[in-house]
Amino acid sequence: MDDIVIAILRSGTPLVYVALAGVIAQRSGIWHLGLEGLMITGACATIVGTVLTGSVGLSLLIAILLCALGSVLFWLVVEILKANQIIAGLGLTGLGLGGTSLAIQAIFGSQGAVSAPAGLPKIGAAFGAYGGLSVLVLAMPFIVFLTWVLLCRTRFGLRLAASGEHPFAARSVGAKPAVMRLVALVIGGAFCALAGAELAAGSLQIFSQNMTAGRGFMGFAAVIFGAGHPIWATFAALFFAIVGAIGIRAQLVFGDRIPHDLLLGLPYIATVFGIWLSARLRGGARGATGGFGELKDP
Amino acid sequence: MSANFSAIIRATVFIVIALVLCGIIFEIAGYPGIQTFDAIIDGAFLRRNALEHALRWALPLFITATGVVISFRAGYFNIGAQGQFYVGAICAAFVAEWLKGYPGAVVVPLCFVAGTAGGALWALWPGLLRLRSGADEVITTLMGNFLAGLLLVYVTAGPLKDPSGSGQQASSRPLEAAYRISTSNGVSPTIIGIAIFVGLAMWFLVNRTAFGVLSGLGGRNPTMVQWQGASVWRIGLASFLISGALAGLAGTIELMGPNGRLAGGFLPAHGFTAVLIALVAGLSITGTAIAAFFFGGLASAALYLPVIAGLPSAAIDIINAAIALFITAKSRFVDRLANIWRRPWTTS
Amino acid sequence: MKEPPDVVLACRNIYVTYGEVVALDDVSINFRGGMIHAVVGQNGAGKTTFARTVAGLVRPATGSLEINGRPIPGGNVNDARSAGVELVHQSFALPPSFTVAEAMQFGADGGRLYTRAALERRWQAHLDALDVKVRAGAQIRSLTVEQQQAVEIARALVTDASLLILDEPTAVLSPEGADKLFERIRRLKERGVTIILILHKIREVLAVSDTVSVLRGGQLIDGPLPAADIDAETLASLIIGPSGRAIAEEDRNSLTGATPPTTDGAATTAVTSAPMLSLTNVTTLSDGDGPPLDSVDLTVHAGEIVGVAGVEGNGQRTLVRAISALADVASGTLEIDGHDMADSSLLSRRALGLRVIPFERNVEGLSLTSPLWENWSVGRLLSKPLHAAIRPDGLRRDCRAAFDDWDVRYSNVEQRAGSLSGGNAQKVILSREMDDAARLIVAAQPTRGLDIGATAFVWDALRDARQRGCGVVFVSSDLDEIFDVADRVVVMFAGRVVAEFCAPFDLATVGSAMTGAQA
């Protein structure tokens, strides 16, 4: 039993962080499809940074800075240049995937996987079988709680939500929706960096190209499945992780009788299911957002 | 016409901004920016046979991109061209495998039917989820891409596996020569003919049918056409199916033309590049033809770069991504710039 | 209570431009403290821009603002709010998913971190003190229009406001609701709050305000004038201006809300023609877009205009959607021209001559980013199968001809619909919907946001349609225009038709029906 829970926490924690980033962006009025790109940037920066500097803490800081920088770029494009959020988000994702692969090539001369000498600190033997988990797993519930307080129990959270839901109302009490979105994206960027760091340096200490494999998009789906609420989105992300863990478990049980490539697809199918279910329960998700830019009437 | 003209200016300005961003990234990564672009342009359009190579990549991209135009115009963000492309190729490959030994004149058309239908099928379920339940098609089609990628890996490593294959990348048994519609250079009268036919048919559909005008209006404002009595359901489903079918057709062409077999994860950037082409073209069919040629050149340069210039092919991915980041941007400053140019020959 | 300073708000040479449009043109005006000031004008006169400029939401191109003698840099909401200015918006600025308490909190100072219970306790006290009967835990979207307005006023008073601006507060209210609002405003005045009311009905101006100022075409025409010294006729001509001379006397009065309308309508003869539309006992399914219809009966004959009155949000929208096959009818019959149409599509209803002018011109009526000719030809295209080939040149030619008939001012049928003014955009819709085959016309708020000339144009178009023998359903929340245009009036309340009146109409009776008094 313990090993399943550990597997779920390992695969679920990055999803939770990235989902929180998506929740914050969503509340401020931005459909953030660039999460995947920021996440892989965080993963790459953590591993490469550790290889080059030897310090995990320093490279985590670099990862956060890079993701914040990417978020500012995204903000400039969608807020100042009014680009379509979906297309620009996919562009940011492409930039992250291509940029990390270019960086690996430039630094190590090949596109193979890079392994780091050290990973994130572990929570230690005091936790018994769970001691091998990283501190970011332990921190996750607290970060979720803090995010909930920030979004749902402070005036800042109200103004952020108003910026997304009714920007004019936000403006008329003196809040500046554009600034709120910048703040939201930068905080989200930091969360994406944590997600990437946990994915790459939480247990494996390896970075390889495209290693996020759609987890950023799943995190985004968790936002929709969780109705933009930090707690519900966390559960949605953990649900995807549980389905993935079941798939891996099924491989052990069924062996070759079920092709393992198809079992790998279970989390993606769960994501589609989640999107479908939330649309059924709450009506089309698109209603809440504009963000179609030129293609749609204002 | 003048509106088109300022749209072209705007697109050009933002593509230049995107390229400057790429240049900065290249510089940081330690590749001299100017030389990189020089090598890309050389690889894309200037070296020997470059135009033919560009065309090889441009033709399938053009077909997929016209499909993207149809769904985007109707307001549906079908990002799943990649998955529909894969599923189309897989279906065609299965038909070719089952009917092995029958004459090409029978098998090839059936492969095309299967490939097109397969692509349409892979667009059908996100379409139904969107139209019946309102499930966002951006996520479902993206997930469809990952699923189709896994399906491709499974097929090439399982049912269609080439036993003699070596190396890490699993691939399917090669197609019989009689079923190939081009050599591996990928440019043949058949393929050109299909592309021209698709281009003309889609131009007619968009500009000269009730569907074309109504789907465009509905894409920009679905509420308004509903208040006029349109069935969003029929227009939407047709858009999904047509865009999926065209991606599947392009997959079939890649299989039966230049590639000749399936390989796990082949042409991973095809769908995203097609989306870009459609957007750069401002969702017009004629523009798509021009943009497809440009991005076809970049795609061919991607293969040439590591060999000749020592650059990773990811450079092209970065250029594509940066263009995606900026292509839908709007700026009053750029509009004003476009207006200055426009003013002399417009009256109103 | 300290004596209010002489001049609370001083505006000097304010210019505001939106792109190339001048919204406020050199406006200089002073408002004295402790009074109720009215600012009137027709739609497009610059009233809302004026209000937003004072509140800091719009930055003036030139000019200066002084509040309580303190110069305020324009275009900054926080500066304006800290100087004591609060604005109550016409379409309320309250995020619908918020609770009332949250909507108060997000505009307030202090209490940066809160618990839900403490928040609701804090704001319930505030609401009670203002005599607003709303639960602090209720969601904004569950409130009625009157409650939302009360909440918005309460929200504006969370800080120590000394100048409260209300932008067209009566537009969404019944006559009784307006009286209650005025009562509330007078109480605020007694507390020393200076109030600026943006209004467009002369009757209301004279009833509540101490001074009146008139805006027209972005310019200050006159004011502030003492309201006691001015009569309705003078005020009406100030508002309408010289261009309105051609408008009939009766229309002039209802356009400016000058006198309580008691008009006798046009055709009060007993209607004997066949019904064009008849709804019997129609109930619709609840779908989150306004209250569902509850056993609605409605008959519209050929050659008559039936006005549908009521406070906004009482089912008028559902009624129009049910007639347009956009809301699901659960039970009851719906007949158009004698054919049972309850289960048929909008397209087949349109084939019988139903035409709809929807509520939201810019969302439901037109695709603003599409060319005019495409907008105009939707109906024709929909009557063909999807794969049918079309000739765009032919459509463009027909479109030009129709636009010329309807006097649409445009330069090119390829131009985007969004580039037209409100009045011209509405004419595009009229030219599309009021073709020769039209037999039943549903006009939902067709004059909203239009200036006086365009409003009179729409009225005349509806009267012409009646003359040609069409049945017309005319939905409006403005009783003056309903009384002027309609032959018969039904009143909706909470999804039901609660009363029906024939001319001559009486404002007080119809008004009290709007509050559900007879139900």
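For clarity, chains are labelled A, B and C in written order, and residue numbers in each chain start from 1.
Quick note on the criterion: a contact is a pair of C-beta atoms (placed from the backbone, for glycine too) under 8 Å apart; a residue touches a chain by one contact, two chains touch by 3 or more.
This one's a predicted model, so the numbers in the text were calculated from it and none came from an experiment.
Asks: Average the CA atoms of each chain to get its centre, and name the chain whose centre is farthest from that of chain B.
Replies: C
Asks: Of every pair of chains, which is linked by the largest number of C-beta contacts?
Replies: Looking across every pairing, the one with the most contacts is A-B.
Asks: Can you work out the whole-Å distance between the CA centroids of chain A and chain C?
Replies: Those two chain centres are 44 Å apart.
Asks: How many Å are there between the centre of chain A and the centre of chain B, using C-alpha atoms for each centre?
Replies: The mean C-alpha positions of chain A and chain B differ by 27 Å.
Asks: Taking each chain's centre as the mean position of its Cα atoms, how many Å separate chain B from chain C?
Replies: Chain centroid spacing, chain B to chain C, equals 47 Å.
Asks: Can you tell me which residues of chain A touch two or more of the remaining chains?
Replies: In chain A, the residues touching two or more other chains are 283, 294, 296-297.
Asks: Mind pulling the chain B residues that touch 2 or more other chains?
Replies: 220-221, 224
Asks: Residues of chain C that touch two or more other chains: which are they?
Replies: Each of 363, 367-369 in chain C touches at least two other chains.
Asks: Give every residue of chain C touching chain B within the complex, in rising order.
Replies: Of all residues in chain C, those touching chain B are 324-326, 345-347, 349-350, 356, 358, 360, 363-370, 374-375, 377-379, 381-382, 384-392, 411-412, 414.
Asks: Please name which positions on chain A make contact with chain C in the complex.
Replies: Spelled out, the residues of chain A in touch with chain C are 149, 153-156, 158-159, 161-162, 165-166, 168-175, 283, 294, 296-298.
Asks: Quick check on the complex: what are the chain C residues that touch chain A?
Replies: So the residues of chain C in touch with chain A come to 55-57, 77-78, 81, 87, 89, 93-98, 102, 105-108, 111-116, 288, 362-363, 367-369, 418.
Asks: Using the touch rule from the top, collect the residues of chain B that touch chain A in their complex.
Replies: Result: residues 25-26, 29-31, 72, 75, 77, 79, 129, 133-136, 138-140, 142-144, 146-147, 150-151, 153-154, 157-158, 219-221, 224, 272, 275, 279, 283, 312, 314-315, 317-318, 320-331 of chain B touch chain A.
Asks: Enumerate the contact residues on chain B facing chain C in the complex.
Replies: 3, 204, 207-211, 213-214, 216-217, 220-221, 223-231, 234-235, 238, 348
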